[in-house]
Amino acid sequence: MSLSLFALQLINGVEYGLLLFLVASGLTLVFGVLGVLNFAHGSFYMLGAYLAWWLSERTGNLLLAILVGLPAMALIGLLVERLAIARLYLRDHLSQVLLTYGLVLLFNELQRALWGNDVHGVATPKSLAFTIPLGEAQTWPAWRAFTALCCIAVAVGMQQLILKTRFGMRVRAGASNAEMVEALGIDVRRVFSVVFSAGTALAGLAGMLAAPLTTVYPGMGESVLILSFVVVVIGGIGSIKGAFLGAMLVGIADTFGKVLLPGFASAMVYAVMAAVLLWRPRGLLGPAFEGR
Amino acid sequence: MPEPLLLTETLTRRFDALAAVDGVSLAFEEGRVHAVIGPNGAGKSTFLNLLSGELRATQGRVRFRGLDVTRATPDELSRLGIGRSYQTANLFPELSCADCAWLAAQSRLPSSMRFFRPAERYAEVGDRAARALEVCGLSGRRPTRAGQLSYGEQRQLEIAMMLATEPTLLLLDEPLAGLGHDEALRVVALLTEVARGRTVILVEHDMEAVFSISDTVTVLVDGRVLERGSPDQVRNSAAVREAYLGEEIA
Amino acid sequence: MTRRILLLAGALALGVVAFSGDRFWLQFLGKAMIGCILAMSLDLLVGFTGLVSLAHSAFFGLAAYALAGVTNRLGLVNPLLTFPVCLLAAAAAALIIGWLSLRATGVYFIMVTLAFTQMLFYLFNDSPALGGSDGLYVAERPVDSRAAAYVAIWAALVLAYLLLARILRAPYGRALEGIRVNEQRMRSLGYPTRRYKLVAFVIAGTLAGVAGYLDATLYGFVNPAQLGWRQSGLILVTVLLGGKGTLYGPALGALLLAFIEHYGERVTEHWNALIAALVIAVVLFLPRGLAGLVQGGRRA
């Protein structure tokens, strides 16, 4: 493999990893703070993508669509949390799995009813429809660069928010001991709602950014969901840093896997997961004690 | 001097920078009641958790009958004859008393990987469970769900479950915690009965009880052994009194 | 006692259908009973051991594909040969996947079983050599009459129930219950709990393999959708719907779901939404399932 090809694949892998990180961070945040494993997380990714397509068709501009779509996703997240997720807080794993599974079925039907079974392309905005040259032979589409930058911005923003603000402190407190936080008079429910909406928005944003790259099609949330589970298992539940690490590993493994061993690309990723499990059953940066 | 049943060699457990148990070397003679006391945060529970395999030692060794069991898992230790009771009731709340004792007793079958004979047919298990419940005064509460027992009764069930595994070494973690005076007396009487012919390592705060039933007392402070000796020796030690800062220990 | 009589009556009723010669009912109830085997075997894990596994469909599909494989490639048709081979395939897979998955606990376990299921799905879905997304026909089925297949399924269902009920009454079953209620305590009582969970996983996976073999026998066709997490999720639904931890409950749940799926398709194009609503409703309002409506006690 030539150096420039290697570099390109590495960049692709990192970029893919960044998108995965966006999705996985929402998942791990929701689980870390709310204690709920949300199988419908992939559906939010899909909804984001469909929303981006639908709005950009109406407004003619993808960036505007994203700007409008993000708060819409957050609102959807809030509704779902208040109506369904809130009832899972003290329930067992089977209930969580099945309720969110039911939501997946519901969202799939909703998507099919609203937008049908067709595959839709989404045009990148004209302002970003150029390519960036990389060395002599390769180029990198500007939209991909923009996507990567957005993900990095979100990652940094999240870290700052969680580590440096009072709200972030409440989130961390809620994650370790919700009962105590409630006893201290802080409305844990509000923290939960905000965190869930944020998680939904994160998945939605990833879907919107990915829409021009992968096209918009039914069931697009599924593969992303499974991969983000793999990311979280590798990185450790509840750890944003772990999600980042896991996402990079998965993104790069998958990208190189597709190039080096075309038939077995997906197997590569699961092999990595199996290897991590053998060595660190709680993920690379997961909690040290036996939690939930 | 007979070989000690249990021996720890510079046993240490660190949590990041803090050494909760720091270089503890102790020998526990067979057939005696050994108490481990100390002010809050002294590392007593950590020490017990190290002995029962629930925590892994950072450094040092534990030997049981000469065998190195430092890396042994809780189930391996149990099968070697080390029984454990817990400070907060660690039962099977939805199961009846009888079932809780049964599960404990069943663990002594060579293997529970038995698939075809109904469990009730294993009479030895039933007998063992019934005996344990009887010793602990719970025969009358057999059908009651463990979660619905009174606090004191839950303690008794804790001990019954431990007994049903027929241990030679008993690790007791604050068996009297939270009990009222009468209930505590009852449990102390039970423990005296249970200690006969067995070796006991007892972590406790209740000084009256400790001094009445123990043969040796070890005082831990900040994870290290401060003093060790007979109850009288420890009671009269100035160092110990200072460590407790004026707490009533006599 | 009444429950036993009712179950016996139900089993006999199902058995009698074998003589009906009615093509629709043989196929429909045959499929439904396969669902019952899947549901009961999953209940062993979910209801009795406390393990929520999303890998169940993987063993179901693997055995089905194994049948297609040995029949199409090796020309083996005799069920005395193909059945043990397919069962072995399912059992081996359950052993490997179970061993790896059980290194994880709690939600990690659930996610890992999901990941392995999807891995197998993609393996079969993306390989043209293994039939791809279209699936494979079984060149020649182990039994060629629908009635014979039905009887085999019925026998398997009855035997599976009796086997599971027996296991659950034995010391092993008691140990599983203890593990479900308080695994950590079981360990400190001397039980090597991971081993017990693995055995349960393999038993359940092997029974799922039996179901898969019978499914391929009934339809003569296997396809990747049988292996995915949607399928696993539906089996889980039947367990909750019927009442986890009762053994007969999930079987009832499977029967009910079979009817709903069939008639739902007639009623509306969006019958998936119907299933979704049902699932959500059961989780929120009927967590103990149908069996919970019927009784208070637990032991099968």
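Every chain is named by a letter (A, B and C) in the order it is written, and numbering of its residues begins at 1.
One rule holds for everything that comes next: a contact is a pair of C-beta atoms (placed from the backbone, for glycine too) under 8 Å apart; a residue touches a chain by one contact, two chains touch by 3 or more.
The model shown is predicted, which means the values in this text are computed figures rather than measured ones.
A.B. asks: Nearest chain to the global Cα centroid?
C.D. replies: C
A.B. asks: Looking across all chain pairs, point out the one with the most C-beta pairs in contact.
C.D. replies: Result: the chain pair A-C has the most contacts.
A.B. asks: From subunit B, which chain is the farthest off, judged by mean CA positions?
C.D. replies: A
A.B. asks: Where the centres are mean C-alpha positions, what is the separation of subunit A from subunit B, in Å?
C.D. replies: Taking the mean C-alpha position of each chain, the two centres sit 47 Å apart.
A.B. asks: Measure off the straight-line distance from the CA centroid of subunit A to the CA centroid of subunit C, and report it in whole Å.
C.D. replies: 32
A.B. asks: Measuring from the mean C-alpha position of subunit B to the mean C-alpha position of subunit C, what distance in angstrom results?
C.D. replies: Between these chains, centre-to-centre, one finds 43 Å.
A.B. asks: Please set out, as single numbers or ranges, the residues of subunit C touching at least two other chains.
C.D. replies: 184
A.B. asks: Can you tell me which positions in subunit C touch subunit A when the two form their complex?
C.D. replies: Those residues of subunit C that touch subunit A are 46, 52, 54, 100-101, 103-108, 110-112, 114-116, 118-119, 122-123, 126-127, 184, 229, 233, 236-237, 239-240, 244, 270, 272-273, 275-280, 282-284, 287.
A.B. asks: In their shared complex, at which residues does subunit B touch subunit C?
C.D. replies: These residues of subunit B touch subunit C: 52, 54, 73-76, 78-79, 84, 90-95, 99, 102-104, 106-109, 112-119, 122, 125, 161, 165.
A.B. asks: Per the contact definition, I'd like the list of subunit C residues that touch subunit B in the complex.
C.D. replies: My answer: residues 166-167, 169-175, 177-178, 181-182, 184-193, 196, 199.
A.B. asks: Name, in rising order, each residue of subunit A that touches subunit C in their complex.
C.D. replies: Those in contact with subunit C are residues 31, 37, 84, 87, 91, 93-95, 97-99, 101-106, 108-110, 112-113, 226, 229-230, 232-233, 237, 263, 266-267, 270, 273-274, 277-278, 281-283, 286, 290-292.
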